[in-house]
């Protein structure tokens, strides 16, 4: 089993969730109000009042064979809006 | 060392924390306000005003020999209320 | 690639972020409002109104050779203020 | 008459803000009231409604009509779940039937408040003790719901009920009586009563908070309720026509019974409307939170969607003016 | 005269709380208004300003001067982005130029509110329909901004524009007209209008919420704006002197044009100030949220920092009294 | 007399809401005020109390009695930590003794506010400059606490003190004077003073926010304080009888000294109560946040639990009426 960790702007969370659902994952979890630092510089919650939001952390546990579909679904979004993803090993409890 | 990731409804967080403490883990961390998708369908924060809450993400780092006790403690809760758990490898920094 | 998970008091988040930036990591993510249990006992959000805060979870994905620098930068902070860190394996998505 | 009542109700600020929330979802706006702000408004409304209820209860005293009315209300909160369960059980499993039945036996504080605002606009009086009735209708319905679920579970059609084992009474009573919403409402009622009785100087200082701010805060909360209710409409399609039909017809039926009881008790027009609304409304605050813990086998999206997605908007938009029209026909102006 | 106006403005509570927020950041205090509390205040201010605008629009009616003024305001929100783009394009890429231009074509509701408070202190009247102008200036500027970005993208200097493909009109219009802030503002305006027209009894009950609480809530929000604006100052150094210069000179230029139009339309002194402030202010609520989605190639820190870090404080501290001084010179007391 | 004062205090809305919160925890209700809502109320209370204090300071001016009283208050905030440290040091390590001592030298704004509400009910006047005293008592106690911890660390019994190295003065002063709570309180005081002095027209517009809303917001905050204080009771058992005894006897001792100073200064009955409460109360807002950073060797659960779990409820429930009874005996009605 694989664990996928995605970090992206809260504004695109719905788009990302749709993309990974379409890839066929059995479930996912979303943590909002994540701040951080990446290529696009520092992201804080200071502009939250404007609807701009901070980052979100999306966690997906799925079978290894789904990873390419998830990657393919996210590539266009990450290319346009930024965001990063990482994969690691896991097993069900 | 093992890393255990649990996702469950916020309503049962206290029960789950008690169960893993009883299993003897040295510590744990809890992230509330997690939304997501699983067997029980989509979970949002929309009903938060009613005390229903969204999901929580519980993270435990512990020695491998404790994993079976954690699993055994959580099984009855997950059977009744839903929730999922995953295990992966880790080491202290 | 390595994944580093840090748990520490919200009060020291800025200090920790500075320390890991100095170690040269390419990015990091911070989740605040984390509660939990560790050597220092139970940490809740109950004192948030006072500016004391709960815990934060800092996640860093970086090349393995940076891990010692991160560790060295955090050691003095963790020694004084408490906090724990864990490392695991990961790859870019 | 009736159409003017409906219009009167429709152009009130709280109802319009409810529609604004619904519209936001329908047209795809990203308007949202982020958590925990809705909780702030729900805590505030419970505190304020409880405090004001206690204040007026202290003024009206605990006469026989007060006790009779409260008794009748509690009785309804015991009977409605049972009759609803019998109807629902014909088409769905016992756990879901029990959880939905508990919802309809209990009340919706926001529907009640909206009815009060409506009465204000019509310059019709109502008694403060109706809030005591409201506060006391939450818990019995929860207890009955859990008992029904237990009964249904034993009769063999349980999903994962085998695990649930014996009835955990302590937990059931805790959820029924110590549920945060119920506790705050009753607690504020008692505080309002005590302050009015023993330290009336403090009332004036609470007034800007519990009274003046109330209407605006209600608008804000209803904006959020509109958003949440509209999001629930999607779930509803999955629930099917039977449940949707129940969610519209049950309030009518319960309001009708409520009207009959109001006549028997000789309530005023204003109190009659509030009594009918208590009977007709379904809980989406205390009951879902309690059912999630005590009847985990039931599907929350069913009981939340029918109570919040259908019955609540129905009562707020159509029900309140409709019940008022019936009252104007059958209840004499006292 | 002018210096007394500046002082008058400087010692008003909202402006002082803004400075307190700025000071907190400069001296390194850990004072913060944690999320989502600032959102509560921004939602509240939009709701209250919209509702009050609708109320006054219902009182003033939609006469020809009202329509002319609103028309002129919308025209400014179309022209300002174009002229700003042409200036900005000389020194930066098309995407950033377009996104910043959209910001300056749109408006800042908080600057507008602060100008209203300023007028209150001077006992100068203004018309409620100016809020309608404010509400209608957000969306056109967003649409123009996206069109400019698209044009710039096609002319070849795109960063990652190749991927963006054809203009997604649906998404652009959604961000322009259904953006949460725009939607709430316009929706509250319509509700204020409807309630005033059809159910005026409800107005008095809204008053403590939308009117009485307003000034204090504005202070709280400006405290947060001061913190956020000061945090932005750092980003600004990276933006360079050209953008900083633009962020100070553009409001002056736009306010000047606004003054000319006010004279043409024969607006009163109060309305002239509001019109000038609408032209001079730049959006940091609706526009950044919309640009992030529709022109992702632009760097948010540029358009947010210039609008929020420079133009907003400039208008609130120096601009408003300065524009008023000009008005006292050029616009007769009606 | 005294028992009627206690009753009078007990049935006030703020105190009753405090008890409701305590009760919620004791009976196991899931009532909670989710974060960051308590922060909203604490920021609001600090802003409002500061602003009102500044307003009244502007009215009363900075006469010699004002300066003397403030000076005496600051002196107490320097001496109380030292004497408390000497007592606490007999039974616990230096770091914990120092951190707890700092708490008791500083003040609790909510206790102060509750005392003001109590005076209002008794129709006793008090002077606005007492808020200035309150604002100035936070920082000195923090500095003294850190110095004591440093001293204790050097005398050899440090836990992990070796690492702490030299005193980081910059950080200590930052935590003492720029701590968010202290900064907002003093900042609002200055703003209230400036607005009152230079732009009194703005005062009336702030009034609904800072004055009218205050009592209700205090109730809401005390509901949360009740919950948090009751949760702390568990920690307290671990703290042991010595600390619990200290947490009850220290306020009595400090209030007694405060009464003596009040007599010397010739304060009115109202001001005497506020002065005694400043001396008797212990900080659980600014000081814990500061000690966590500057004396990390101390165990937060000790200083928070004693200040918030024991001293705060003791002062609010028993202390205030008791001090008032003493005042009625020893301070002449001016």
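Residue numbering begins at 1 within each chain, and the chains themselves are lettered A, B, C, D, E and F in the order written.
One rule holds in what follows: a residue touches a chain if its C-beta (ideal position, glycine included) is under 8 Å from a C-beta of that chain, and two chains touch if they have at least 3 such contacts.
Note that the structure is a prediction, hence the values are computed from the model and not measured.
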Required minimum of steps from subunit C to subunit D, each step between chains that touch: 2
Numbering shared by both copies at the subunit C-subunit B contact, with half separating same from different: different
Geometric centre distance via CA averages, subunit E-subunit B, whole Å: 45
Whole-Å gap separating subunit C and subunit E, where each centre is the average of the chain's CA atoms: 39
For subunit B, residues that touch 2 or more chains besides their own: 31, 33, 48, 51, 88-89
Subunit D residues counted as touching two or more neighbouring chains: 30, 34-36, 39-40, 179-180, 208, 212-213, 289
Residues of subunit E that touch subunit F when the two form their complex: 7-8, 11-13, 16-17, 20, 23-24, 27-37, 40, 117, 120-121, 208, 212-213, 215-217, 219-220, 223
Residue ranges of subunit B touching subunit A (in the complex, touch as defined): 4-7, 31, 33-39, 55, 57, 67, 70-71, 74, 84-89
Contact footprint of subunit C on subunit B as seen in their complex: 1, 3, 17, 21, 26-33, 59, 61, 88-93
In the complex, subunit E residues that touch subunit D: 36, 39-40, 43-44, 47, 51, 174, 178-180, 183-184, 187-188, 191, 194-195, 198-199, 201-202, 205-206, 208-210, 212-213, 289
Footprint of subunit F on subunit C - complex, ascending: 9, 11, 33, 41, 44-52, 54, 76, 79-82
